[in-house]
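Next, two complexes with subunit A in common: one pairs it with subunit B, the other with subunit C.
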Partner chain A sequence: MTAHEISEFLAPIRHEFPDQRSLILPALRFAQEEQGWLPPEAMAAVAEATGYSQAYVESVASFYDRLYTEPVGRRVISVCTTLSCMLRGSDELLAHVAANIGTNGEGTSADGMFTLQRAECLGACDRAPCLQVDSDDQQGPLTHDDADAIIGALRADGAPTRYDR
Partner chain B sequence: MSEPDEAPVIITINGQAVEARKGAMLVDAAKAVGVEIPVFCYEPRLGKPIGACRMCLVEVEGMRGLQTACSTPVARDMVVNTTSDQVKDAQNGVLELLLANHPLDCPVCDKGGECPLQDRTFQFGPGETRILEPKNHFPKPLDLSPLVALDRERCIACFRCVRFSEDVAEDGQLTFHERGDSTEIATFSGEPYEGRFTGNTIDLCPVGALTSNPYRFVSRPWDIKNAPSICAGCSVGCNLEITERDGEIKRVTGRPDPNMAVEEGWICDRGRWAFPALTAGDRLVMPEIVDQVGRRHVRIERAVGDAGAILRRSGIRVAFLLGTPVTVEDGFLALELSHLLDDAPVARLGVSDDGLGPLRALPGAQMHDMDGADVIVMVGGDPSSQQPVTELRLRKARRNGARVAMVGPRPTALDGNTAEALRTVPGRLGDAMDVVAERLLGSSRAIVLWDECDLAAEPVAADALARLVASTPGARAIELAADVSGPGLRALGIPATGVLEQIEAGEVDVLITVKADPTTGPGGTRWAAALNQVPTVIALSTHRSPIVDLAAIAIPVLYGLEEAGTLVSMAGRAQRLRPGAIGPEGAAAAWEVLVGLSHRMGQPLPDRTAAQAFDRMAKRFPAFSGLTCTDLGLLGAPIAAGTGGPAAPARRAEGEGLALVVSTPVFGDATAHRSDALDCVREETHLGLCPAEADRLGVSGSTHVRVTTPFASVLLPLVEDHRLHEAGAYLVLGDPASMAATLLPADRGPVCAVISAPVAQEVGA
Partner chain C sequence: MPQLNSVYRHREFQDLLTLSGYERAGGWNGLKATLEMSPDDALYAFQRSGLRGRGGAGFPMGRKASFLPKDSGRPTYVVCNADESEPGTFKDREILDKNPFQLIEGVAIASYGVGCERAYIYVRGEYGHQAEVLRRAITECREAGRLGPDAFGPGAPFDIALYRGAGAYICGEETALLESLEGKRGQPRLKPPFPAVAGLYGCPTLINNVETLAALPPIMHRGADWYAAIGPEKSPGTKIFSVSGHVLKPGNYEIVMGETTLRELIFDLAGGLRDGREFKACWPGGSSVPVLTAEHLDTPLDYESLAGAGTFLGSGGCIVMDDSGCIVRASWRLAHFYRHESCGKCTPCREGTGWLEKILGRIVHGDGRLEDLAMLESLFGRISGRTLCALADGAVAPVQSALELFRDDFVQVIEQGGSPVPEPMGVINV
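Showing the complex of A and B:
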């Protein structure tokens, strides 16, 4: 993705951001669409299009869990490990998901299908323990079987089964 | 209720009514009356406070919760408590959290013993922690660059280094990555943090996170002695602090109490890491004489005695040549000695004063005057490379709202973001005077920075510029002086010309050189031929050089950081060097050797210290009138401005071909080349051409070109750069061994060069 393409994407929304620094986020999200993650060249292009330093753009990207500065699998599963979920067994849920997809804790599965990551509070404490697939709504509370079913559905056709209770 | 900021108001701090400036930050108001509020992130030189570390929490009556004293401005009748139980509790809590992931490895930390985190913890901290969780661990240290090491475990995320990079050096290199307790300092894609000012982040770091690689495990604070001195690397005259152990310099840092009028505590990496040059292998450590036996080492008493005996002979004609860094005292004593020798001529190696008189008669400014300027115009030069810390002042001026313009033939690091770049045709600065006039129009606090070399080459432009500045109300000038000794020696009336001509006319029997080796500099070939006609050369030198090999008597002398004396900065500020190390055993300060010579001649000069010499000199020379060495103190004082001199007629560039545009980066000079620490940032000699011109000359794509002027012909690496003007050949001077400086005439005047492709065997197959 070139700086020019990013600039063209930003042109119609520029006026919505009185602080031009805020353009970095939509620009990063747009740049991430192409390869599913943000290689250094993509961040450099965002820097050029927004006028901020490359280091600053990378700093912004590294702050957010859903902006990826390293390659990720086709589906990203975020397991909440903050207080409520932790008390309700999120550590065990995370370990269970990892075992299912074949990663050692957080990371990407060998087949490139899944990336598992720990998330800070997903805002569904009433449904702990919860997880989130890509940027879909969080779902929970989940048993280990529920998690297996979600992963199975994702493997089969990519459409996640929802467990909203 | 509304009163102007800065008006004095009464506030109460810890029960005491005190006066404070309205709008000042509480932390400063408290400090002014002797109350310490602990801080980590607060550093006014970095811009507005950000309140990142939370260490400065205080209680302010009427305000809910605790306030950060670093970002709370003083207001009338404020009642502040910095020692209440609530504040104490907050300080304990903040330190407990700042130390939550800190490895507490003070015994093996370079910062240990001079660490604000350590000091604050002992003074304000809880003494023990309730946190039992495992700490974050990282492999350590991580090299941010070959010069700066990062220990991520020790970082408290205060943002000081990041703010320096973003807001002071404006290099946009350092940022924080990740968030929360994973936050770490990083560069884009892990690239090395390299630049001209990176070392300042080490001085700024309030913990042991950023440390100096060359100083790693070299010393502990109780083994060292610090001395405040002045950098002799360029003409800015940055104040710095020298750390000595066992008689040797181990470290150079910015001053903890900066000179706000000069460098504000920021020094360049060249100034910080050039000191290993003092102990480099080619340092002259023992005097040498040539007698019947041949060349041999002797003690300094013997060398000075022999030199004195030569000078005692009747009828001999002596001349003095002063190089750099030569102090005002060295210059004064050379003059004093010359009076004992039938008024022997004394000259300095440098740019001739001809035609610069009108500019030097302009009202002068100090570096900090740029902070309040409305317009800054640079005419010629490249301060980023030749007087580096000037760049930080210019960036600050721009942030303060000044319009900055760079008028000259060279592309600079300031182009674009900081300065409007107005590129001129090489050798035709005079054509740009209309543009300069336009920029100065309507200004009331303009500062004009003019480059000594560039304007000496174009006297007509110099005169026009001087008139422009003189006719602009409120405008002042700062000279971007070419070398560190020039301004001081000029104040003593020591010219840059004369001695060479006298040698060539066969009028010199004994030449005494002080830190001068003209054979590798401008006019080197002519100098080398002339020196062969001098029967006796007495060389006072810091390092081995061609002139030492030529000298009948060579006496090692001390170098800037090792000696006492005075240097005058380009802004006309006299500042004291204080010895930070002992220097080689066989060496003495140059002024001391000159006094020694007078004793051996039987006409002793009275000076026993550099300070005495300064005081005697100040009574004699109007530029220093009214000053004493004591007056200069830690921060120096401006000397009186020169009276100027007449304008000069236009000069024609010598030779044929492209106008030679010369830069002398301090990161490329002899001292920088002697320091291993600067390997990664050193500048090498090369010739720059714009690609179109390289193509036209048939040298496009070559690694090297032959550069020929009427004075020399040298093979140099070629760098093609589209930012360069096609009517110029851009010579960047690095290591003197390249002999590239000999391409210039002895007076550093304008010159043209013929560029040709090298013959095959020259570049090696």
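Showing the complex of A and C:
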């Protein structure tokens, strides 16, 4: 992702923010779509497009859970494990997904297809136990078979056209 | 047990995801009525309605709006807090998913009252789908002229910018949200100055929760007096409760404030518990509030009554646990949440939430000692009330109350060498 591409993405929303610093977060989200995470080159491109230093951009990015400063798999699966989901079997769901994709708990599968992470409340307690793929709609309530079906469909799909994690 | 779908208009009408469908359901009547008033009269109507902030703090919305100075010489902003991330709370998600135009109309009404030409809706990073629904609705409003250069009449512009968070519970705290919206790390500010005086970009700013703003269209259409007459005098109106955990029908329920008890919410509306299970505990207002026991089930659901029971109405996220659950394990899981979400700015919170999780964790895993309970008790007062924002108070409240109300359970877990993992409720199709 080049600074130019990021600038083009920002052009239609620039006028919405009197202080251009507000563009850093949208720019980071956009920059992340290409590789799924934010390598130093992406941070540099965001810095150039927004006019802030790379150090500052990285300090912002490192604050947020859904901006990844380490490589992740092609699809990120977040299993909510906060209280409502825990009561409905989220820990067991997380362990089941991990077994399916071959990670030991949280982590990235050997084939680079999936990153599994436990999430704090996803705002879908009525769907507990639930998971979220990237930032698609939260899915649940899920049996272990349901989760297998979701993972199977993702494997068959390949990469999505838009990540938006 | 009166239910009234005032905010959840989509439960009464079809096709609310298109502008024309929303118009057929009476959409924009609230804004239309508002635009016939002066901004001051609109502000007065907000106050007379008695509407209180639905995000958690319950501060009167109209009073908050009246704090914005009118002669600052700077732009005024309205910011909608759609960073719903309080555990157990998913009411705003349904508004964004199913009734986005009512939120847009509500934001417009509030903006007219405080003289704002550009409002922001800050949607939590995880709500990707919901943000997309809202984005489409905003686009449709712009195309129809409901937003844009003549939104409030010829030459009277108003527009809404959508802003996405990126995963941080703390950004639901209003000043942390403003920091995030300004392109910074989402850490709370020292107050005062309050956002009403120096908020977004240092300008006068009104920040309200999604449910609060979405409540405005019916209020302005049917009149502040109509709203003020619903429910108790000090807590008028409807409130959406999200019920989750060990209930058979988890979901959102919009009810008239004060006319439904906690028991009716859990056992009638939310379907009650599985056969053979007893009620154990519930966190009625999100996870940041003191826990309640079966003794409190007959408490009416309104701000004052819940405060009288020693807890808070909070966000209305009601998490229910039956006797298959372990209160110590539940407390530990909540402590983990707050430790993870502490932004790290204030030492008592950054360190204290870590200690809470650590001590509860060792009790759950069988390494606890009875002295740990005294240590927990000594921690509460060193965390609560000593930080810039309420996250630390929210971390302490559920743990402290659990220890007070269920001390025997803590002692038992320590003495028996830990809390075995209970069988989860799993998926039940009702």
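In this text, the second predicted complex is superposed on the first by the 155 of 165 C-alpha atoms of A that agree within 3 Å, B and C clash if a C-alpha of one lies under 4 Å from a C-alpha of the other, contacts with A are read in each partner's own complex, and residues count from 1 in each chain.
Here, contacts are C-beta pairs under 8 Å (C-beta built on N, C-alpha and C of every residue); 3 or more make two chains touch, one makes a residue touch a chain.
What you see is a predicted model, and the numbers here were worked out from it, not measured in a lab.
J.: Looking at the combined model built on subunit A, do subunit B and subunit C fit side by side or clash?
T.: Subunit B and subunit C clash in the superposed model.
J.: Looking at the overlay, what does A:R21 touch: subunit B (first), subunit C (second), both, or neither?
T.: Only subunit C is touched by A:R21; subunit B is not.
J.: In this superposed model, does subunit C or subunit B come into contact with more residues of subunit A?
T.: Answer, by number of touched residues of subunit A: C.
J.: Scan A:L142 for contacts with subunit B and subunit C and give back first, second, both or neither.
T.: In the superposed model, A:L142 contacts subunit C only, not subunit B.
J.: Is A:E58 contacted by the first partner subunit B, the second partner subunit C, both or neither?
T.: The answer is first: A:E58 touches subunit B but not subunit C.
J.: Go through the superposed model and pick first if A:A3 touches only subunit B, second if only subunit C, both, or neither.
T.: A:A3 contacts neither subunit B nor subunit C.
J.: Taking the superposition as given, does A:L122 touch the first partner, subunit B, the second, subunit C, both, or neither?
T.: It touches subunit C, and subunit B stays clear.
J.: What is the contact status of A:P40 with respect to subunit B (first) and subunit C (second): first, second, both, or neither?
T.: So A:P40 only meets subunit B here.
J.: So, A:L87: does it touch subunit B (first), subunit C (second), both, or neither?
T.: So A:L87 only meets subunit C here.
J.: Return first, second, both or neither, reflecting whether A:D164 touches subunit B, subunit C, both chains, or no partner chain.
T.: Only subunit C is touched by A:D164; subunit B is not.
J.: Is there a shared patch on subunit A that both subunit B and subunit C touch, and which residues make it up?
T.: Shared contact residues on subunit A (touching subunit B in one complex, subunit C in the other): 59, 63, 120.
J.: In their complex, what parts of subunit C are in touch with subunit A?
T.: By the definition above, subunit C touches subunit A via 75, 84-90, 92-93, 118, 124-129, 159, 161, 163-169, 180-187, 201, 242-246, 250-252, 283, 287, 317, 319, 321, 325, 329-330, 333-334, 337, 340-341, 343, 421, 424-427.
J.: With touch defined as at the start, can you tell me which subunit B residues reach subunit A in the complex?
T.: Touching subunit A: residues 165-166, 172-180, 186-189 of subunit B.
J.: Which residues of subunit A touch subunit B in the complex?
T.: Per the stated touch rule, the residues are 40, 43-44, 52-59, 62-63, 120.
J.: Considering the complex alone, what residue numbers of subunit A touch subunit C?
T.: 13, 16-19, 21-26, 28-29, 50, 59-60, 63-67, 78, 81-84, 86-92, 119-126, 128-129, 132, 134-138, 141-143, 146, 164
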